[in-house]
Every structure is written in C-alpha cells, then in structure tokens.
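The same chain A turns up in both complexes below, where it pairs with chain B and then with chain C.
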Partner chain A sequence: MDFKPSRMAVVAKHIEAFIREFFDQNPLSQIGLVTIKDGLAQCLTDLGGSPDSHVKALMGKLECSGDSSLQNALDLVHGYLNQIPSYGHREVLILYSALSTCDPGDIMETIQECKKSKIRCSVIGLSAEIFICRHLCQETGGSYSVALDESHFKELLLEHAPPPPAIAEFAIANLIKMGFPQRAAEGVISICSCHKEAKVGGGYTCPRCKARVCELPTECRICGLTLVSSPHLARSYHHLFPIPPFDEVSLSLLNNPHQRSSRACFGCQESLLIPGNKPNLCVACPKCKQHFCLDCDIYIHESLHNCPGCESFRHSKIVSVTEE
Partner chain B sequence: MAIGRSAVMAPVPSKLYSDDVSLLMVLLDTNPFFWSTASIPFSKFLSHVLAFLNSILLINQFNQVVVIATGCNSCNFIFDSSSVPANPNLENGRMPALCSNLLQKLEEFVTGDEKLSKEVLAAGIGSSLLSGSLSMALCYIQRVFRTGPLHPQPRILCLQGSPDGPEQYVAVMNAIFSAQRSMVPIDSCVLGAQHSAFLQQASYITGGVYLKPQQLDGLFQYLSTVFATDLHSRRFLQLPKPAGVDFRASCFCHKNTIDMGYICSVCLSIFCKHHKKCSTCGRKRQSSLEG
Partner chain C sequence: MPGEVVKRARYKTSVKDSGVAGVLKMTEDKFVFMPNDPTSSARLDVEFRFIKGHKFSKGGSNKPALLNLTQDSEKGGGYIFEFENHPDREVCREFVGKALAKFSEASKAGSEQSAVKLFDEQLSTIEMERRIKLLREDSELQKLHKQFVLSGVLTEAEFWATRKKLLDGNTSRTSKQRVGFKSAMISDLKPLTDGRTNRVTFNLTPEIIHQIFAEKPAVHQAFLNFVPNKMTEKDFWNKYCRAEYLHCTRNTVAAAAEAAEDEELAVFLKHDDILASEARRKIRRVDPTLDMEADQGDDYMHLPDHGIFRDGSKEIIDPQYEQYRRTLSQDLNRHAAVVLEGRPIDVELEDTRTVAEALAKSKRVEAANEKSDGSVTQERLERISRMTEIEDLQAPRDLPFAALCIKDPRDYFDSQQANALKTLGDTLAGSKQIKCSLSTQEAYGSLRGFISEIKSVGLSDPIVKPDIALKVLNGLTQNISSTKFHLGKNPQESVLDRLPIITKEELLHHWTSIQELLRHFWSSYPITTTYLYAKASRLKDAMSQIYPKLQEIKESVQSDFRHQVSLLVQPMLQALDAAFAHYDADQQKRSARSGERPNGFV
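What follows is the complex of A and B.
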C-alpha cells in the first residue's frame, strides 16, 4: 500500500506544513519534537516558539529503527510539560506507525499521571487502530484517528492546528506581565542578546532592560520578560470573538421585487442570480442581514473572520429600514 | 496611442497576459469631518486621484481598478473598471466613462452616508470605517482569484485621512492577517496630520508601502511615483521604507499605548495595571503575579 517514498519522509514533510500552520494560528505557543526509536524517546528539538529551528531539524537525517515505546515517550513529555506554568495549555500529538508498544513498566500508571497533570494526548495512527492509543486518548480527552492515505493524513494533522476549546473550570486566569518592544529603525547598530554579535538595524528593544532581541515572540535573555508584539495577540482574537454562522436565505425572498438591492453579494458584488434570472443559493448574516454568496461565506468564516456587512455599517440597526 | 476597446473582459490569449498586470483596489476616505479640516479641498484631492486612476488604466490594457468609498457610517463600491458601462453612448474609450460614472456614484454615496449619521460627534474628528472597506476589498479579491489561473495581481491602496478608530482594532487586524495569507500587499498613503499605527502595521505585515506625503499639493506625483508600480516591477525600485513600526499595544482600560502590560491568560486582554479581576472575561485571578 503505503506512503511513498517512505512513511518517515511523508510524515516529516507534512509536519513541516503543520508547524507553519500551527504558529500562524497560535503565535504565542511553543512546539517541541520528540522521536521514538529503539525503545527510547529522545528530544529532537526543545520547546521553542520559532518555526525555523524545528524545520531545520526535520530536514536533517531522520532514521527509523527498533521497537517503539509509548510509555517512555509519555514519561519524557510529562517531565517537560510539568515545568510549564499552569495557565499554559499542555498537549501531546503522537504520530504512531507501529502496531505494538514495548514498555518497561505499567503504562496505565503513566496514563493516569498524564491525566492528573492535565496533558491532553491525541494520536494519529498510520497503520491500524490500537487499543492502548484509544484508551490513552479517551482518558486524557484527546482525539484518536487513523489515516487512510497521504491526503487523509494531512487533513487529520492540520485539524490539530486550531486551538481546542478550553474547559471553563480548568481555565485559570492569571495576569502575566509582558513587554511590547518597538522595532528599531534601519541602520541602528547594536549587539543582540541571542547571537552575541553586532547586528545592523531591524531588531527589537526590551522595554525593561533595553537588550536587543532579533525576533518576536521570545523571552528576554537578560531579564526574563516575555516579549510579544500586538499583532501576535491580535492573531488569536478571532478565536475569542468568532462571527456567527450565516443563515440560509429562502429562494422566494430573493425574487421579491421590493428587495432590489440584494441581487448582488455584498462582499464580492457577484450577481446572486444564475442565468435565467433564477436565484442561486445564498446566505445572510443574522446581525446585519446582508446577503453573501457561498464562496464569500466560506472565505469569511475560514480566513477573514469579519463580516463585511457588520463592519461597513456603523449603525447596523437602521440598515433594514433604509435598504428599500 | 490606441483607444481602449469595450470594457467587457473577453478571454485573453495567454501570451498577452504578462506578469505585470495589476488589479488595484483603492479605498477612498470620504469622511466629511476629516475633509472639512484637511489641507487641500476634497475636489482637488479627487482630481489628483482621478488622474492617477487614468494613468493606471493606461499603463497596461488589462489593468483593472476598483474604487471603494470609506465613509463615516457606511462603505460601498463606487467604481469597477471591468464592468460594462451603463450608457454606451458615453463609451468611446474608457476615460470619459470613468470620470462621470465615478463622480456620480461618489456623490450618491456621500449624500447617503450623511443621511445615516445618527448623533453629532462629541469632539475631534470621527474615524471612518476602514475595517469595512478592507473586508469588502478582500472579498472582491477572492472572487478574482476564483476566475482561474490567469488573473491580475491584486493589491490594495488605502487613501486614508481620518484617525484610527480603536474600536475597529480587532477587525482591522483580522483583515491584515487575511491579506497576508492571500499575499495581497496593503499600501497606505496617509493624508492626515498624524501617522496611522493601523496602516503602519498593515503595510509592514503584508509587505506594502507606507507613505505620509509632506505636501498634499503634489499628491499626484507621490501617487504615480510610489504607488503606481505593479508588484513584479517593485523589486527593481527603491521605494520608501518606514522609519520604524509602532508595534506597541493599547491597554483595554484607557486605550493608552503601553510598552509593558499585564495579559489575561484566558482572553488575552491587555491591561496597564494589575487588577484582581479581568474586565473582559470576568475571571478572577487565582494565583500570585508571575514575573
């Protein structure tokens, strides 16, 4: 059957795409990569917030050998994730190709430890469904799926990029101190604290200790302040303020001669009538009542996260009166 | 110089479609509160812009221009160079049709926008609905992408004079990230007295050009030298670079710009001082302050 040229190559390629998508959707998060082979689990890269170091490690030589040990992997991950402060969401995604696991001890205990530490474990299997993976995901609240082919695998993997909904009782609110550095003008020379060498222009200055850092988000190496830029936070706001799904419009309403203004999609101005003057399928925003075509509906909900109708009218309540 | 043919888009043989064909979405700020105090009158500004739009359509016969008006209470499409003109008698080349159509629709829009004003604004210049026109421009650009592999390269030009409205921050940022994903640069030409942090970030994140002209009397010159080039040719030009980009955030409580603040771990709201309770999501903090 199988993934060509080899499972490892296919998985590495898709993980790279996943990493970019993940950081696009969650700019303040961190990823670490772990490999399981010869019955041991090893860290390929440390937890970090920049995609480049992970992608570089993936491009290197990755070998497969020996048995896989799920328990050793969970123990390693548990050790790392326990150091994360409580307001951070802890997750593990296991890409499992083996059909068994070779463990030194009782894996059920390890699973209970993970459950106590609130680590959400999900598995994507590449061969067949295994009971222990199913049990792990059920206990910790993750999702388990098995890929049928390469494109299905890519789909399942990218489903893990958007953040899962947080459970209200576990969402502990903390006010975390963060700094918002300014970007320096081109031509300013200073020594950066990450590479320890002089660099020209284009860095950011920590507001507390004035050290220069090369990229954001990061933690200042000198004073430990978390540094982010406001677009990073703003990238996550659409998860917090989602737009409501649009309602389907019944075709009889479109044919109403009084509704002359809604014959075109409000977003892209494409005509909502197919040739023959019959109305096509369209949707309407429940708040501003503007009509949109189906393509704009998909674009608005998947990428834009703004309803053009609601944003284009300051006093949306009076729209319905003046439309006719 | 050849007079342009009928404006209906006929299928184009692929070897005529070079990589410097552009679709220019112009977002025109028509906020009356700003224009009453601007350094040049709106009519003079329009004459610069119309000359610029004509020049874009003359550079390449397949270039397309769409104008969206950003009003104080509403936004709407004003002009689309690819749509069939209503009165074929006026159409013997695209230039006369552009001016009369555009001006007529613009006047209708401004009158309608004024009628929608509910209350008199307290003080200062009100903001215009930049997030609305950006969203509409991006939806139109998606429609152009759907027409197939041969499409002009889209970009957005914001001619903005009104100050940034802090209530539109989230919507403008959403539009900026969507433009970045679709690889649509947002160019900004700021006509007001102050810099616009929103547009600085927009141009920085999407790879566009940000400019605040020093003399609005020479606006046509700024527009034609900086903003007229298509995306392919920009690699060969030295376009203005911003002196610095203001990435600082505004606190949710006072809307002041801060460079160090406290972030709620649940809803990511930004506060300048430590509070016991997050005012956005209402969750009380549980443990001691970090950091």
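What follows is the complex of A and C.
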C-alpha cells in the first residue's frame, strides 16, 4: 500500500502539520526547508521562525524530478548550520523517498564533517531501509525509521517535534540578551520594519530601538535584539524541566480505609473508584503525593507540563524572605 | 566648470581597434556614449565613481588623440576614446580630471573621518558590475546610496555589507554543487531500430559521452589520439556505435572478422587494456592478509565461471574469440566502480573535446597526487579496510552513555523570585508589609460581608447605564482607533495612500533613510575601536539632520491630514530619540570612565 494520492502530496500535508507542531513546542527555534531535485539541493526557505512563510513557500513549489543526492543536501545544510552559535542545537530531518543517492564525491567524508560540527541527522524513509541512511544516522546520533503507511509516517514525523536530549557539556550556559516588547496601543500608526507598510494598531515595539515588529518571536531588523514574549520562553522551559513520571499506586494501599483523600483524582475530581467500591488504577506524583487518574496523567505530561499538586503548594522559602 | 561636455568620438576596446563612431557626452557624475549606428551594441553609461584614472596619448599632429579612462590601475580595464582632434580631447580630459578630482575628494573626506581603515576593498570587476546593476535596477537603493555614501556618512563597504544577500544572488549557492553520475547505466547504448529500413539510430548526449569516457579508458584514449587527426568526431562515434551493435548481437565471430579488417574498430571491440592494467595495479595494493584467491584474474575477464547460464548450458567459446566477448557482469561492475569513485570534473558538458581533455587532465592530476601524497592514500586505505569489516563479525560497539542532566526548577525559579522580591522591596522602601497568606476564616468573613452588602443595597438596575456604555464604546472605536474606523473594511487601502503623494513619498524616503542609519548605528555598538566611535558620531550627525525635517513635514501638511501624519511621524521620532539617548548615555559613561584627558582623546 503506497501513499495516496501521491507521495509528494502526503509528505507536504504532514510537513505542514509538523511545522506548526514544531513551533508550538519550540517557539524560539528556527526551521529551514531544502529540496533535493535532479541531483542538486536547493534551499526553499532560509532559517526563520515564522510558520506561515515556510508553509506558503512549501505549498507554492511542489515539484519533483530526477535523482536524489544525499551528499549535496548535507553539504548545503552543513554550510547553513555552521553559522549557528554554539549554544544552539543543530539538527537535520531528511524525508527520503528514493532508493539510492547520486553523489559527486565521497559521502563518507561529508558524514564525518557533519559529525564534527555536531549536526544530528535523522532520516524518515518512505520506501525501504538504505544502508547509507542507517550509517548517517548512526554516526551523527540521529534516528532512522521507515514509514509503513500514512498514519505511521505522521507518527514518526511528529516524534521529532519535541527537542532531543542534548549533552550538558556541549550546551554551555551563555547569557543572551533578549527583549520583551510591549504591544502597541490601538491608535498608533507606524511603518513596520518587516513589510515596509503603514500598519494601524497592533504590533510590538522593540524596547531598545523602538522599531515596530509585526509578530513574535523575531529578531529586530534595526538593532538585532532577539524579541520574545514570556509565554514563548515558558514553553521552551517545559523541555528543560520535565515533570517526573508518576508512580503507580499499588492497590493494597488504596484498600486502606484510612486513606480517605485518595477517593477522587486531584486533577479532575472524578472518583477513583469503579462501581462496586473497588479501587481503580491511579498514579501519584512522587513530590506532592497527590493521586491522579490515568487521563489526567497523560494530560499533565503531554500538554500541561505542570503538576497541579506541586503548584498548589505554598512556597515556604518565599515566605521567609518577606518576613525578614 | 561647465555642466556637461558633448563631443564626437570613437569608442575603442583596445588601441589597435578601429572603434565604433559615436557621440560621447559627459556630465558631472557620469559619461554616456551613444554609437552613430543605432543597431550597434557599444552603448556605454558609466559613472565617474568607478573610474580611477585617465591617461592620454601625447599631442602631435599625426598621432591620434586618445583618452583612456581606467577603472583599476593594476588590473586594467577601461574605456578608450579617440577624438577627431586634439583640442576636443583636451576639453574632455580637463572635464574628466575635474570630475575625478571631485570624487576623490569625497572619498578622501570619508576616509579621513575613519581614522583606522579596517581593510582595503579589492573589488573585482564582476563585483563592481553587480553593484552597478543593482543600483541601476533599484532606484530607491540608488537614492540611499547617493544620499549616504557620496556625502561621506557611510563608506561603500559599510553600505554593501548589510546587502550581502542581494550581491550574492541565488545562483552562486547551487552552482557550487556538482551532480553525481547517474546510477542508471546510460552508457549502455540501446539503438532505435526503424522497422521499415535497415537503419539503427543511436542517441548520444554529452552526459552519456562523459560516462563512456569515464568507464572505458581505452575509448577515451582512442578519442584523444584519433580525433581530429585521423578521423572526424562523427566517424569516431559511428565506429563506436558499430562496435556496440556487434556486441549487442553477441556475434563474436563477426566481431573478430570486422576487427581484423578495421584497426580502429578493433580498439572498441577488444578488451580494454588500460582497464586491465589498472585492475592489476589495484590488486597489488590490496592488504596482503586478504585472501584474493577467489578473485584471481580479478579483472573479471578471465574466469570461465563468469558467464551467464543460457538455456541450461554455459556458453563455450573458441579461445581465439575470447577477447571479443563481453559479459554483463563486467559492465555492471565497471559502472558501479566509476559511480562510487565520484565525479572528477565539473566542466560544462557541451563539447566532447573539452570533456575528453578535462577528464584526461584530472586523471593526470590524480596520478601525480597519488605519487606525491603517500600519506593521504595510506589514510584512505586504512579507512577502506576498516569499512570492509563485516558488521556481524565485529564486537558490539557500545558508545559511552552521558547521563541526562535535569536540574531542579525550584532552584532556578525560587532564586529568581527572591531577586525579584528584593528589587520590589527596594523600590517600596519597605514601607508596606506584604501579606501573602489569608486564613480561611478571613476569606470567608470578607465574602460574607460582600454578600450582605449586596443583599441590602441590591444590584443597580440596569447593571450598566446605557449612556455610559455608549460613551465608552465610542471612545474605544471612534476615538482611539479612529484611523481603523475611518479606513473601514477595505483591506487594500492603506493609511499612506490617503495622504497626498508628495507627503507619502517624503515620509517613505525619510523612513528608509532613518532605517538605514539606525541599522548602522546600532550595529556599531558596543564601541571598541576609534573607527566605530567615529562612525557612530557621523551617523548621529546625519540623524540630527533628519530630525528637523520630520518636524517640518508635520507642520507643512494640510490640516485634514495633520493628525495622521503626526501619528505616522511619532514612532520615527521616538526611534531617533532612543538612538540619541543611547548615544548620550554612552558618552557619559565614557567620559566618567576616562576622566579628563587633554585634546579630546578617547
């Protein structure tokens, strides 16, 4: 069963979903799109943080022809990613449908270069497993998988949206200057620096040079300051401070009649007992010891990224500061 | 000096060239040459900025009066004009001299202000042509260029540094890539047969020819030797295709017969000697611990087993025709070897001759490199021997694990909160006591108080007074967002379009110049060298000049549009103010740090 109506249509559709999901999980990151055609690699979009521009460029130019060249693509990507500073994470995701690669030189050298520049290359194959892709992923620490059908492909693709673990020694802490712009008042008219048009209301003003930008996160065109909003930063934190996995509560504990507080899930207040007064499966947070049902467990770990039990604790440390 | 000079002249590309007759017209910043013949393509339009010097031939009644406008004294390249008589040439020469002097003054003024020149600009002609082309195409860019570079506020290098993308263009990136050999065996020519006549047609493209030369070194050598001395290219390929046809029919007897007659055809029909010797040489270089018994006669030409079973029996061939046999496995293996080696040349595949020569040259280079660079080949051999280890027979390669480093968020957030509260406490000067906790008793008590109050007073009817509501609604829609309100739902119309065109142009022009200046201004901070300091001062002066212009626009416009224009100008003034404030703050810091220094040293 191959992909219907055509591999290109299916892949494009899922790439759009992936781009949106990626920027949802990593608002401070950037994506660039590269296509391989007729043995050459071309840059479709530059590294940027606006999902709409990528999707527009992708849907506007959907064509395929000729052989594929893995080496040319890796060389092109290597040139672009080398300009990223060291505190940034460099990754390549290759969606490969061909069964061979037509290279002008020694691809093993290119793979070694990527390994040296710490570029993590992952491949999702659409037809069959290819040795060179397997070798590439093994050398650079990426993941290689081959999609069996459309839903499997979507699953594999979205697996790459959350960021992979990075080695602490390579990601040295750096202080980066960032601006948190305020939203301009409704009555203000100004010419924005990205479109060169006069826009009414809306928009944000760079706190350093007072230029107007249309959307966040972005880099101010005039003074080069990275402009973000606090929700964007918070969403990136969730990957650095993940919720510890909840422990399963053994049924013997639940049967204890003294444990009255564990009759309802702390998150949704649904009863933890199935009809017949028998205890159902539930989990508990290792820090705050509150009980949660399985649905809340999934929701907390995948979407919320905060444990309600831990958040409802008083911070005893802070109280001590104010009382001084 | 006069505004312009018009003279008859001939434009020559070199001194000996007879030249194209036409009219040369020079103005203060450029010269234009129009040939008399309207179909001629020798039109010129060059700005004096790009002319570095001028030379002229000595005066004399019989000698031609030449004027050479040079672009680069080292690389040459320039425009030579021959005039009808010497006085004409003298007038032009003086004019050019004055124009060049004016431009060198302007550039000198710019360079004086930059006390330290960071690097000399070695512009290639291509680079300069691209810049001229960009300036010609984009009038806005040209205006900016004129405004800032020619008045000495920005140097050429600075101006173009932010526009690297425009200069590079898209082609440079992809053109550096090369296409590899196709995996498909296009060198295996299959003819088209015409059923009616006895003709077979072979189709040869430069790509196919390239692959043929790469896979069959004997054919390549033959091409270099025979063409064009012994035969034309067409004859060569005819013979080659004849040989291919004979191979297709697998008629070794006929092949032998034809080879005996035609010497050149024999080259194509026999086995490739160059290939055989290369294979033997490679076998000798193999690691001696590797058992090569199975690959004896490893040019794949001599083992009797390497035949394909046909009709249940192997083909038995008379030994004298052995050398005219070619097997599929030979071709496949050779093709695979060539593809994996990679593509040695990246020359444009137009002419067979260039392809052949380029291939020969690259082979020579490779051979020379091999002989001289023993270490590289040694490293390569080591790498190859490592890669040929069979995966299943190797020990499992367990890479060391690095532990996940997950820090406790409370450490980070709590310490930050303490900092925040500390600063808050400083600003409040500890006057207010912050009560962070409420007992349930207190909360319940206050809620009860509110409820009893409402019970006694009751909710007002209506809850929100209609006239107040209308006032607020109007205030929000008509007054605050009045512009949006008046624009209505028309998305095409923009605020700028409703203003008179002159004002719109002026505003946009000022806006682009402010953007340009601000970009350079902010990029020169933090100031580390005198050059940057001078640059910042220059930019600040330029910006102070624009400031009053913006105020003027606000006042000069009609009263209907005054509100809109002032709204538009406001953010620009704010941006300039922010820049000035930063500059002043920086100045204060520097003077505080350095104390009193004589003569204004920085």
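Side notes on the structure shown:
The rule we apply is simple: the second predicted complex is superposed on the first by the 313 of 324 C-alpha atoms of A that agree within 3 Å, B and C clash if a C-alpha of one lies under 4 Å from a C-alpha of the other, contacts with A are read in each partner's own complex, and residues count from 1 in each chain.
To be clear about the criterion, a residue touches a chain if its C-beta (ideal position, glycine included) is under 8 Å from a C-beta of that chain, and two chains touch if they have at least 3 such contacts.
What you see is a predicted model, and the numbers here were worked out from it, not measured in a lab.
Model built by superposing both complexes on chain A: chain B and chain C clash. Once the two complexes are laid over each other on the shared chain, residue contacts for A:E197 go to chain C alone; chain B is not touched. With both structures placed on the common chain, the touch criterion links A:P165 to chain C but leaves chain B unconnected. Of the two partner chains placed by the overlay, only chain B lies in contact with A:A173; chain C stays clear of it. By the touch criterion stated above, A:A185 is placed in contact with chain B and with chain C alike. Of the two partner chains, neither chain B nor chain C is touched by A:A128. When the two structures are aligned on the shared chain, A:R208 is found in touch with chain B and with chain C.
Contacts of A:G224 after superposition on the shared chain: both chain B and chain C are touched. Looking at the shared chain after the overlay, A:Q71 reaches chain C, while chain B stays out of its contact range. For chain C, the stretch among 272-280, 434-442 or 488-496 that collides with chain B in the superposed model is 434-442.
When the two complexes are superposed on chain A, the residues of chain A that touch both chain B and chain C are 185-186, 208, 224, 237, 240-241, 314-315, 318, 322. Residue ranges on chain A touching chain B, taken from their complex, read 24, 85-88, 166, 171-186, 204, 207-208, 224-226, 229-231, 233-238, 240-241, 265-270, 295-296, 299-300, 303-308, 311-315, 318, 322. Across the complex, chain B meets chain A through its residues 72-77, 80, 115-116, 118, 129, 131-133, 135-136, 138-140, 142-143, 146, 168-171, 173-178, 181-182, 201, 205, 241, 243-250, 258-268, 270-271, 274-275, 278, 281, 283-287, 289-291. By the touch criterion given at the top, residues 173-174, 177-183, 339, 342-343, 346, 383, 387, 402, 404-409, 412, 414, 417-418, 421-422, 425, 434, 436-437, 476, 479-484, 487, 494-496, 507-508, 511-512, 515, 518-519, 522-523, 564, 567-568, 570-572, 574-575, 577-579, 582 of chain C touch chain A in their complex. Across the interface of their complex, chain C is touched by residues 38-43, 67, 69, 71-72, 75-76, 100-106, 108, 165, 167-169, 185-191, 193, 196-198, 200-201, 205, 208-212, 221-224, 237, 240-242, 314-315, 317-319, 321-322 of chain A.
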